[in-house]
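Structure in structure tokens, see below.
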Amino acid sequence: MSKEEKGSITMWEKLGNIDYRWLYALSLVLMIIPILNPLGLPTIVSEPTKGFYNAIVDLPPGSVVAVSFQGSLALLDEQEAQFIATWKILFQHEMKVIFYSPESDGEIILNDHLGKIVKPEDYGRVYGVDYVRLGYAPLGEPGEAAFSTNIRGVFPTDIHGTALDQIPMMKDINDHTGIDLVIFQHTACTSVEWPIRQWVVPYNMKCITMTLGCCGPMAAPYYPKQILGFLSGSGMGTELEVLSGNPGPGAVMSDAKNFGVLGLLLFLVLGNLSYLGKRFGGKE
Amino acid sequence: MNFWEILGAWVGAFFVISVMTMLWKDNPYFRFGQQAIIGGTIAHYVLFNMKNVINMALIPISKGHVILIVPFILGLLMYTRLFRDYAWISKYPTSVLVGVGIGVMIAGTLRGQIIDQIKATVVDIFTAGTAYDALNGVIIAVGTVTAITFWIFTREHTGALGASAKIGRIFLMVSLGANWAGEEVWYLTQMIGRLIFLIEVFIKGTLLGIA
Amino acid sequence: MSFTRRELPTIILTACGVLMLLAFFTPFVAFTTIKGTLTAWTIVISATSTWLGFAYMSYAQYRMLQRNPVLTQKIYFVTPFAFFLLFLVVGVSFPGDVSSPQYLWLLSSIYQQVGATVYAVMFFTLASSAYRTFTVASTEAVALLLGGTIYMLRQIPLFPAFAPWLVPLGEWILLVPNVGGGRGAVICAALAALVVGIRTLWGREITMVEV
């Protein structure tokens, strides 16, 4: 083997054995640049986002929307844009909203969102008449089935301890028959099928979902026949902000992603160059 | 920023950096953060679920809904799992949970995930408005059928079945690639969120005093 | 003794599952009422058994300390209990309980920061594994790489700004080949879940209930 052949093979191997920490450092630097100096690039809206938006705005004002909110504090960076844009759309279009949380964090997030960021009162919405918060219960899939069958069996009172019979909005609503649309927000890909099995199949209920970025491809097989639209990650949350004309936290996140992925792409390229070089360079 | 906001920024920054140090190598600061969140998370769920037990069981029982004693006692029986000689008693509440879970799952699975999915795959081709949509419908149908053949493990993947399984594998790889991409962008967003916290809240807000 | 330990739990499991199915497949209101009651009971059972998490955490920490009784491990042993007590005490001591500003401060400074950062560092873990494994070694690997990369680039505004064709192509990957592969996986997973579910209701599959 000649000295040149030894050198070229060594170079391909070096390309494939770069210390990961260089990747980490490069990616961190690239992520920080747009945080300090935003680019402000446009966002293009996708079909599932349009389906999500249209499912809400096509309802007549006064329609009842149930929001199953599994929000997680640890995942706010990824999903907050979706939440805030959705709450604004619901209140702007005068929907009657029932909020309930299968996860404990959901209530804490709603306290913050509905108490400070998207105040329903700013849209002329009155608690108990136009929206109600039922609180948290560890529902799981059987719990969703219980809710759709008998709301009072799961939530006898709202978060303030008021019996549902004493809340004007909930007087005639105790199961799926009083609900026009279900918005299912989940933080785990294993619960993508829950609304299909517990709302769409038994009651032919209109359903849209908010998911994490990795769960969007898992929700796609159910779109648009079983779920009318879905949001997947902060990117689609930003799209919803753009579509509905409600700027929010998504724009900052989208902008900052621009350079962050370049480090990953560079290493994908280097990894493949190393593989191809070793394969066609005569090594092994 | 008041005292608690400043302290919160310092504590938050400590924990963010302690978890990020695991990228360098496993170290005591990362372990400390990891152990802290384990304890905190369990306490968080205990607090919320205790409230639910009170609201959904104990208060209704005190108001006369005596039947709710049954699930309350079943829940208590779950703790027999901790004692080897009595662990078999926890099969009773587990049986209720599993039986109900399977029952609600089966009913929706048959139609929602099998019949309706097959129907959508076939109907999409014949109800397509344009040739492009019809072509996409055919591609989806091919992908669905070949992906199903990939999961047949009772016959060897040779001949026509082998060719079909190979095509199905390609469709499944595209699907996995999309999932990977979604995950990667999700984690990227999370990282950006932490960097924004460190830069805006901790460095600018707390250290430099720029609001 | 064997009847109460094996057969009776299985009978309860089967009865609960069948009642759920009857509620779905028959028009009788009685079954719907039973379904509503049993599903609500599962919530009470789950909430009541929440302290099991604390018990399992304690046992796991004790085992780790037994295996490695050095000073750092003792600190790791104490840490989750200390934070558990901190969250628990703060969560019940102040007006508003878990909605009190003090508890929310703990959540936002510790719980949220650590939780979010754990996801954030996975960006780098996934990226380094992609560096090693996402190579064009076979047709399937190319499908994985192309499907993932194009869908990822579609989500980052920088790339469609220079290459607008990424938008329709990325959406096509999400809604056509991904759906083809994904639908096949959904149908197969649903069939498997049905089989396991029916076997469990039949009493043939006992793994879910055994302790």
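When the chains are written out, they are named A, B and C in that same order, and each has its own residue count from 1.
Please note the rule applied: a contact is a pair of C-beta atoms (placed from the backbone, for glycine too) under 8 Å apart; a residue touches a chain by one contact, two chains touch by 3 or more.
As the structure is a computational prediction, the values presented were derived from the model and not from experiment.
Asks: Measuring between Cα centroids, what's the chain most distant from subunit B?
Replies: Result for the farthest chain: A.
Asks: Which chain has its C-alpha centre closest to the mean of all protein C-alpha atoms shown?
Replies: B
Asks: Using mean CA coordinates as chain centres, what's the gap between subunit B and subunit C in Å?
Replies: Here subunit B and subunit C have centroids separated by 3 Å.
Asks: Would you mind pulling out the distance in Å between where the CA atoms of subunit A average out and where those of subunit B do?
Replies: Inter-chain centre distance comes to 13 Å.
Asks: I'd like the Å distance between the centres of subunit A and subunit C, where a centre is the mean of that chain's Cα atoms.
Replies: Chain centroid spacing, subunit A to subunit C, equals 16 Å.
Asks: By the touch rule stated above, which residues of subunit C touch at least two different other chains?
Replies: Expected reply: 20, 24, 35, 38-40, 42-43, 46-47, 50, 98, 107-108, 111-112, 114-116, 118-119, 123-124, 127, 130, 145, 149, 151-152, 155-156, 174-175, 178-179, 182-183, 186.
Asks: Give me the residues of subunit A that touch two or more other chains.
Replies: Each of 24, 75-78, 104, 137-138, 140, 142, 145, 154, 193, 202, 213, 216-218, 221, 233, 235, 257, 261, 264 in subunit A touches at least two other chains.
Asks: Among the residues of subunit B, pick out those that touch two or more other chains and give their numbers.
Replies: 23, 44-45, 48-49, 51-52, 56, 97, 100-101, 104-105, 107-109, 113, 117, 120, 175, 178, 180, 182-186, 188, 190-191, 193-194
Asks: Which residues of subunit A touch subunit C once you look at their complex with the stated criterion?
Replies: Per the touch definition, subunit A meets subunit C at residues 18, 20, 23-24, 27, 39, 41-44, 46-48, 72-78, 104, 108, 111, 137-140, 142-143, 145-146, 149-150, 153-154, 193, 202, 213, 216-218, 220-221, 223, 233, 235, 254-255, 257-259, 261, 263-265, 267-268, 270-272, 275-276.
Asks: Which subunit A residues qualify as touching subunit B in the complex?
Replies: Going through subunit A, the ones touching subunit B are 21, 24, 28, 31-32, 35-36, 75-78, 104, 135-138, 140-142, 145, 154, 156-157, 193, 196-198, 200-202, 212-218, 221, 225-226, 232-235, 252-253, 256-257, 260-261, 264.
Asks: Hey, which residues of subunit B end up touching subunit A in the complex?
Replies: On the subunit B side, the touching residues are 23-24, 44-45, 48-49, 51-52, 55-56, 60, 97, 100-101, 104-105, 107-109, 111-113, 116-117, 120, 175, 178-180, 182-186, 188-196, 199.
Asks: Can you list the subunit C residues touching subunit A in their complex?
Replies: Checking each residue of subunit C against subunit A gives 20, 24, 32-33, 35-40, 42-43, 46-47, 50, 98-99, 104, 107-108, 111-112, 114-116, 118-119, 123-124, 127-128, 130-132, 134-137, 145, 149, 151-153, 155-158, 160-161, 167, 171, 174-175, 178-179, 182-183, 186.
Asks: Quick one: which bits of subunit B touch subunit C in the complex? Just the residue numbers, please.
Replies: These residues of subunit B touch subunit C: 4, 7-8, 11-12, 15-16, 19-20, 22-23, 28, 31-53, 56-57, 68, 70-72, 74-76, 78-79, 81-82, 87-88, 90-110, 113-114, 117-118, 120-121, 136, 139-148, 150-151, 166, 168-178, 180-188, 190-191, 193-194, 197.
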